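Here come two complexes built around chain A, the first alongside chain B, the second alongside chain C.
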Partner chain A sequence: MYDADHNRTENRVGQTDIKISAKDVQVYYGTNHAIKDVSVDIQDKTVTAFIGPSGCGKSTFLRCINRMNDTIDIARMEGLIEIDGENIYDKRVDPVQLRAKVGMVFQKPNPFPKSIYDNVAYGPKIHGLAKNKAELDEIVETALRRGAIWDEVKDRLDAPGTGLSGGQQQRLCIARAVATEPEVLLMDEPCSALDPIATSQVEELIDELKQNYSVVIVTHSMQQAARVSQKTAFFHLGNLVEYDDTEKIFTNPQDSRTESYITGRIG
Partner chain B sequence: MSNTLLALIVLALGAIGYVIGRQRALKATDGDQRKLHSLPSYYGTNVLLKTMVPAFLLMLVWLLAQPIVVDRSVRAGLQDESVRQDRSVSLVMTDVRRVANGLGIAVEQGVMSRDEARSLDTQSTDVRARLGEAGVALGSDVTPAVLEAAQQYRGLSGTGDIARFALVVALALAGLGWGVRESTPSFRARNSVERGIKSLLILASCIAILTTIGIVLSLVFNTIEFFRIYPARDFFLSTTWSPSFGGGSELGILPLLWGTLYISLIALLVAVPIGLFAAVYLSEYASKRVRSVAKPAIEILAGIPTIVYGLFALLTIGPLLLRVFGDDTVGWMDGGTAVMTAGLAMGIMLIPFVSSLSDDVINAVPQAMRDGSYGLGATQSETIKQVILPAALPGIVGAILLAASRAIGETMIVVLGAGAAARLSLNPFEAMTTVTAKIVSQLTGDADFSSAEALVAFALGMTLFVVTLGLNVLALYIVRKYREQYE
Partner chain C sequence: MTDATAGATPAVDPGRKSKSIITTDDNTRRRNRAEKRFQYYGIAAIGVGVFFLLALTFSILRSGLPAFTETAVSLEINLSQEQFDEAESKLLKTGAYEQLFVQALQQQLNAEGEGDVEVEEDAVGRIMGNVGSEIREFYLANQDQLGEPVTFNVPASSRVDRYLNGGLSRESLAESKFLTPEDLDIVDRLVEAGTLTNVIDWDFITGTDSGVDNPGGAGLGASVIGSFFMMLVVLVLSLPIGVAASIYLEEFAPQNKLTDFIEVNISNLAAVPSIVYGILGLAVFIQFAGLPQSAPLVGGLVLTLMTLPTIIISTRASLKSVPPSIRSAALGVGASKMQSVFHHVLPLAMPGILTGTIIGLAQALGETAPLLLIGMVGYVARGYPDGIVSGLMDPNSAMPAQIYTWAARSDPAFYEKAWGGIIILLVFLLAMNALAIILRRKFERRW
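Let's turn to the complex of A and B:
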């Protein structure tokens, strides 16, 4: 009986696809070696949290996954990152197309100084996802519903996005990222500029988003990592120290540095 | 001479006051500066400010007021008809001032003794010849009345000079005494100096503002004077500009205003796209190295004097345009000077304005906007077109309006490049002229300053002032509104 149960669990883990696979990733900012030998497999339809002290490279690594580091002149990347088995640093891959597939939400809510509608419609318009206005309306509504903000803004879609509260702005940004139908959603400390209520709204949203997307979230809050993620990776000084089920990291860490960090002795 | 001496005396008193104030404060605590309320130098500065600032202010006000007061009292004595001999009082006053100054110069050069100058009399001496010896040329013989008035003028001025000297020195000494008395250890010299500095700053800004008001008022009064002798309706609505100093001129502003706006429009059509694209390239695409070279290079354009642009228009752009559009080819252009010539030169002049200001505005758009757009899979040009430029638009509009008011007020390029014919025409290859160029030509002639032909310059200037002021206010309003957007 016990054995059968155990087997089923094994199977389920085995069935989960590997969405993103990184091998021996190195990143340099000028002469500064920011990421050292990071290899990690991130699963589909899972929330993966990156934790670690400031400056440990977790955001840098996150930005490698959608090639946002390309926009920084002095950044240089080595190694291999694959999404669905395809090397995203291959010459044939267009970083612009890649970023439509790998959405990103930033630390500080950054709605464009446009209307709420135009904020969400921006991505779909650029990528030609809608045939006509009606379809675009539908995409915007779906995205706003997924961002759990539709009910609050449906009557004022023409109002500027910058006029919303911080939590609403961040959910608008998530809706904006979702609108381009990404497969992966990267979140760089999405709650650090928000108050506790807005934070819990965004966390609920992240929990729902994992049904459709592979979500990677960088966070400074270990409680948040424990609450929302299924997998956790601990970064320290540019190294990936430990990567495992969230529960295991927080209850039974293998590495002494991880233990020191989650118990508050370093970081 | 005596003014320089006076200024030096006040400066010296200030320096002495500084030393005494500092010493006195230090001596009171036996040289222990920790027991003083403020650092010793503050006690010195306090005395220095109290000595120099009121004294210099008095000197300045006196210097400005004395000629007016003396003039008025001498003028009062000249009201008698016989003195004037059918000349206006102001013309007689000119003579009086010349004679008075001439006597002063003659005494200084030793041609006359002081007593001789005082007891001069038209019967026994040829005043005109005597002053001629001192190098002072007079237009006519000196009448007894004029000489008398000149003597009075000299006397009053001399008394004024002595009184000024005495009072300024006295005031400086009083300030020095007051400051030194104050220099006790418990005196808050630091706060006192702070207040002094603050009042100096306020004074400076007051002078700036008052000067502006003065300029505007002189424009306004002369404009009113002009409209008294020339109907405002004709000025604003007539389409002919033909001043003739013999009288009967038609002074309609419309052709000039049209020329101004047409040339400015062409200048902006050149400057805005080029400047804006350069700004976009520099702020969004250029590498740090290119930017560090290219940005100053563009801004050098702003440092070129406009007369040089004028020469460039006259010698290079004009002949070039003539070769392309002149009689030999399409025949649109008769001469090198044309709206197009001036407009192109002015456009080049305005490029750095537009590009530099737009560059600042584009750089002020937060990086988060760019990240957000790139993160959604937008290309660089999509990001610029759809996110950055809309966000920066109010600032860019502000930059363009500032450039426009520069263009409207520009003179030298127009004088050299656009020709002098006031004309209402749509052909940009014809010579036209602008408000500014006509102000120059109306005031640089031998015109009587009270005639409509000269006074019209003030009305033109006033109109121009109102237009550019309006544009500047609009620009400031838009720029300010933009600033609030990311707060």
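Let's turn to the complex of A and C:
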């Protein structure tokens, strides 16, 4: 794997680093023990898929990585999650700063009810990434190009983002997420509200995004996990059952529960 | 797995008959009848509502519209310097002017070929009220107009007004010293001659209140100003306080017993009778804080207390209706909680907040009970405030308080004024509701 990204020159060529490292993570919703003893190392410049039946905790775990669970009053988290060796639950960490570094794309496309331009420009604006309008324009264009939607919207940047089709909206949301220059991109079932054509466009995009980011994607579709990811983690009832190369998970799973799930016997 | 479930389903009777769907069966017919019946109930309910609305509108307009007109004599008077000096030298100066008015009136009648109408001074005094002092005041203020013809529009007394509107019968005047049945003959002749006519009474809209003995001169203007200052206080205080409280409760406050308790109390406060706020205002703002009685500032403070729960409830409802995905989206790109609220949630909730605020203000505008207790009812608003401080601190009345005061006065002429006041109040309320609708439309258009 060759590193083409200038921002990440410290990466050694041909080697994948550990980007996110979770150790013994527990999450409770009130008295409900939603995540049990999850330890996982997620690599940089890789697409990692979280699969598992509904309610298995994969989304909950994903939301721990950018501390979105902080916004839920009853959620409580124990254990350690490090990004680049820094504990993200350290008292000194401001979740706002963390979320600029760890972008998120949600299940349902949720563009702001503003123009396409403003949707993408909002993040860079609040983080002060652009000194002037010209720089902001450039950031917006780059982000929209990375979101593979530039050609479709370049002539109508003033049009409302909510007026786009579902697939376009989701790619706009991805563009919005990458505009703040994150290092990790979390995607919570990004294609579940999209039709097959839009899905394939977003999947293509995810494949491109892995050149620059560490992408973690939660998905219900095993085919999707097989298509886009290099690593797959199988969650069941709050436990991380198996985590390995995607190819291995789908061809030669070690755990009987993983095998049952991918062959359609449970889920 | 599929084999097992199929085995559990009971087998369909092979001999059953297929039902026709062309003929409706009893069950369906009954259901359709019930649905029809329900629709008729609904239409009947709406009909009752519309009937009462129409009846109300009709009775308000019928009783209130005469308050906007007055019967007046339009007369051209040409007063010379000598006549002015002579009148001023007399002991009864207004009487002298009344005499001049009678002369001029007789001249005009003669000139128009209506000379057979004889106007005598005493009768004119009763019909025209205090016409003498009105003319005198004009010439004292405008002495340069002496020697030039000036057209006066002199209002007749309120009793003449009511007689011409059909609100006063000859029989009721038999013992009256204010107006005699013979005077009414003169009134009738003057009307025939086109001297007495109905004109719009602008003083009713712009003027101040009069004493109990002069219903004709009573106007709502001062209390409109009073209401305006009260609404200003309500808006300035309740909008920021209400919106800040709602945002904190809805977006920031932790869910615990304390916030639940506050929430329940806010809902209860919205249902507290307004007179309770009135007595609270009397105790706290007037007796404890020593603010002046009858002042719009105090009225505004009391109405603020009353409006706050309404504004908080409607603001929270509109904040709640903003989809959570917008908040997640904002947090997801690294916005702080406050940025997500002020940049995204609040703009989307704005139409609802504005509507709730204006509805709350409209409710406060029509509220009378709390004003009873802080002394705004019964206060005769004879003057206008001369500035913002005076507008807030000087005693004044407010529209609903003024209407109540008029309705409570014994002279039936004030009754008509009360109806007229209600029309003006309703016009203001309709305007505010229209504004709420316009604002909502305007803000909603920004997708």
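Just so it is clear, the second predicted complex is superposed on the first by the 253 of 267 C-alpha atoms of A that agree within 3 Å, B and C clash if a C-alpha of one lies under 4 Å from a C-alpha of the other, contacts with A are read in each partner's own complex, and residues count from 1 in each chain.
Simple rule for what comes next: contacts are C-beta pairs under 8 Å (C-beta built on N, C-alpha and C of every residue); 3 or more make two chains touch, one makes a residue touch a chain.
Being a predicted model, the structure only gives us computed values, none of them experimental.
After superposition onto chain A, partners chain B and chain C are found to clash with each other. In the superposed model, A:Phe112 lies in contact with both chain B and chain C. By the touch criterion defined above, A:Gly163 reaches chain C but does not reach chain B. Working note: chain C versus chain B after chain A overlay, options 39-47, 75-83, 111-119 or 183-191, clashing stretch identified as 39-47. Overlap of the chain B and chain C contact sets on chain A: residues 66, 68, 71, 73, 96-97, 99-100, 103-106, 108, 110-113, 122-123, 126-127, 162, 173, 176-177, 180.
By the touch rule above, chain A contacts chain C in their complex via residues 66, 68, 71, 73, 96-97, 99-100, 103-106, 108, 110-113, 122-123, 126-127, 160, 162-163, 173, 176-177, 179-180. By the touch rule above, chain A contacts chain B in their complex via residues 66, 68, 71, 73, 96-101, 103-106, 108, 110-114, 122-123, 126-127, 162, 173, 176-177, 180. Remark: chain B residues 287-288, 366, 368-379, 382, 386-387, 390-391, 485-486 touch chain A in the complex. Interface residues of chain C, counted against chain A in their complex, comprise 254-255, 323, 325-336, 339, 343-344, 348, 446-447.
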